[in-house]
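Next up: the structures, one after another.
First subunit A sits with subunit B, and in the next complex the same chain sits with subunit C.
Let's turn to the complex of A and B:
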């Protein structure tokens, strides 16, 4: 993945999570992966198009997702959720959208033109994701609620 | 009325028939004269130009000649797909051959139609966009000559032959090949799998290497073998260095030296830690590792560059580290081919190193003067000007993973393969063969060798170790 793309994603993930959740966040070591990998239980996915092609995947366990969604809802003075209902899913999707949106804005300022696709969310047990033909950058983020893995797979259109 | 007119006709008729007979007779004679040329024409092709050269496609493959306007863009399609087109109710895909073969395209005014051909391949109809359609040319199929790499703007496997007609050279494209599915698979070099297999069967490179000193007795050799095994293990453990496929020759050359050095110091031959391993590898690293190339290396690389290069030069530089060698190579290519379009894919899996590469700033003291025309002053020193910078795309990339690098003309991978586990070494070498066509240049580390059975011929000099694809 192009070096210039890395920081915008790492920074915006860190900033957005910190801002909306108001908790301490520890960024793990970044690494690369290109084989199939397990999905923790809830995965929000956003496609990217434009100068590049690829996608960003936000991967977390169901428990983490419920806690994050609850924390976000409570910060807006809404009821927390007990299970991952429509509201919870919409909240996680929105979080993914905010992070990706901010990253893309940063990239735009650097002169790279990206478009986003509407986010989608997958939930289930024992899921796996395989990308053939594109290498993924993994940005692990440790939160008090558990960990979120941000999985960015982008390649240049050539 | 009718009678008189018939009468007139009849009187004139005689003359007309005579005239016609004469004409026919003339034609017949004319035909006889040309028969030798015409009768043997057994192959017709539609000719067109792409990037200033003449090409042809077998007329039997062509449904019609068309002008395309207003394609429908298809998102996420490969870049050479211009879009889809509605041909009287049939939807066909339009491929831009110039993009497909990386040829410069003539710019047409916005909205003006593109020249193209509609091909019929088995059941499939495909439209192709070209610069301009020329004409239909009939030729004698026995005059078609096999393709030669020198015409190679287009990958040679897509060319079915070359033919000369009326002083023009036409390159005949093999459209079945171009649009066939998975055509690249048979091109994989077989020898590599053989090489891997031999390794799996337990033959160590040590046994294969001809450079093992044989002057000593069997007992001495055994001890040496043991030593080498330990050293090999030490290199793997301490430095992640695998002296297998490409660097086993070097290992055997280095070993006697190393033993002499250690004897002199009175220390053990074994590698006891990272320091020892680093010391052992001291003579392995290529010249100018982690620095800008000096004049001798620059001249050495320049001497290897071919006279003829495609207009768009693509280069792959995996394991580029902080980017010093990438910038050096970019500068050499810019000097050598000032008017070509240059694109270098450079990657490294060390995040810290690669992160600094795109905005590398350095002091004037570490850069030789020959780079001066390509530098600009930066905040804390110098940086490369945009004509060099814009040609390079630095990626955080592990060469063992899948990549999106297109076919390239030059690969530079100095001191990279030796630091990969044997399986990955084989995969990467395979990948190098896959991404290149005949004539491509491969620059390896000073002490790394690939066998000719993998399709690479050694062309390097004493300064630069390089191979050309056969």
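Let's turn to the complex of A and C:
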């Protein structure tokens, strides 16, 4: 995977999380992961298509997802959530959409043309997402609510 | 995130959501995220706008617009949505009603997408994340121009 792809995701994740949650964000060290990977409990996924194909996965524990969604809802004077209900899921997928949208916009300005799909969300303990033969870069973000792992897998079309 | 500027003084000030005749502007909100439709709805109703409909994809947005017409003053239109994207829905709404007031609200800020939307007739383009001030400012610009 080309390294130019990853920085826009790191920057956008940092900017968007900071803007919508107004909390301290600490960026962890990037690392590589290969083959199918178990997720932490909640995974929002967005597909990428165009000059490249791939996907971005936002992986976090259920507790973290509930806390992040609650913080976003409360910043809009809406009720916090106790369960990861439809509103909670819609909030987490929109967070994924905002981060990916900003990253895709930055990449577009660098000359990489591709688009994103509407997000989907998976929940469940020890769930595995199989992407056979895809190498992914992980961008860990530490928040007061727990960590989010942003898992980016992009490959050039043949 | 709230700042002082988000809460303008209410002294003698007409709510943004009321037209010059005193009636509320009627808004259709199109976005595939329940979070965003609530968020935009919250911002607009707090200023006196009336949310007359919500839709979760472009096709539903187009159908709702036709159903509501002519009793709708403004559409907020997301872009990345299932079934039909917001740019296609914008194009079809403009074909149906060339005076439609549509504002794009998207996480994507790509220049070509902004240009294309404005060329197709969108009145404005707001890039997410949203805040109260940004949304109200852009919406007022498109209602008064």
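Please note the rule applied: the second predicted complex is superposed on the first by the 158 of 158 C-alpha atoms of A that agree within 3 Å, B and C clash if a C-alpha of one lies under 4 Å from a C-alpha of the other, contacts with A are read in each partner's own complex, and residues count from 1 in each chain.
Methods note: a contact is a pair of C-beta atoms (placed from the backbone, for glycine too) under 8 Å apart; a residue touches a chain by one contact, two chains touch by 3 or more.
Keep in mind that this is a model prediction, so the values were computed, not measured.
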Clash-or-fit label for the pair subunit B, subunit C on subunit A: fit
Partner chain(s) touched by A:108 [first = subunit B, second = subunit C, both, neither]: second
Which superposed partner A:68 touches (first subunit B, second subunit C, both, neither): neither
Which superposed partner A:143 touches (first subunit B, second subunit C, both, neither): neither
Inter-chain angle, subunit B to subunit C through the CA centre of subunit A, in degrees rounded to a multiple of 10: 120
Partner chain(s) touched by A:94 [first = subunit B, second = subunit C, both, neither]: second
First (subunit B), second (subunit C), both or neither touched by A:157: first
Dominant contact partner of subunit A by residue count, subunit C or subunit B: C
Touched partner set for A:1, first subunit B, second subunit C, both or neither: first
Which superposed partner A:22 touches (first subunit B, second subunit C, both, neither): second
Subunit B versus subunit C as contact partner of A:84, first or second or both or neither: neither
Shortest span in Å between Cα atoms of subunit B and of subunit C, once chain A is used as the common reference: 15
Subunit C-contacting residues of subunit A that also contact subunit B: none
Residue ranges of subunit C in contact with subunit A within the complex: 1-2, 32-36, 38-39, 42, 80-82, 106-112, 127-129
Residue ranges of subunit A in contact with subunit C within the complex: 16, 19-20, 22, 72-73, 75-78, 86-87, 90-91, 93-94, 97-98, 100-102, 104-105, 108-109, 116-118
Subunit A to subunit B touching residues, read off their complex: 1-4, 6, 30, 32-34, 49, 53, 132-135, 137, 155-158
Residue ranges of subunit B in contact with subunit A within the complex: 75-76, 79, 349, 351, 354-355, 357-358, 393-398, 401-404, 406
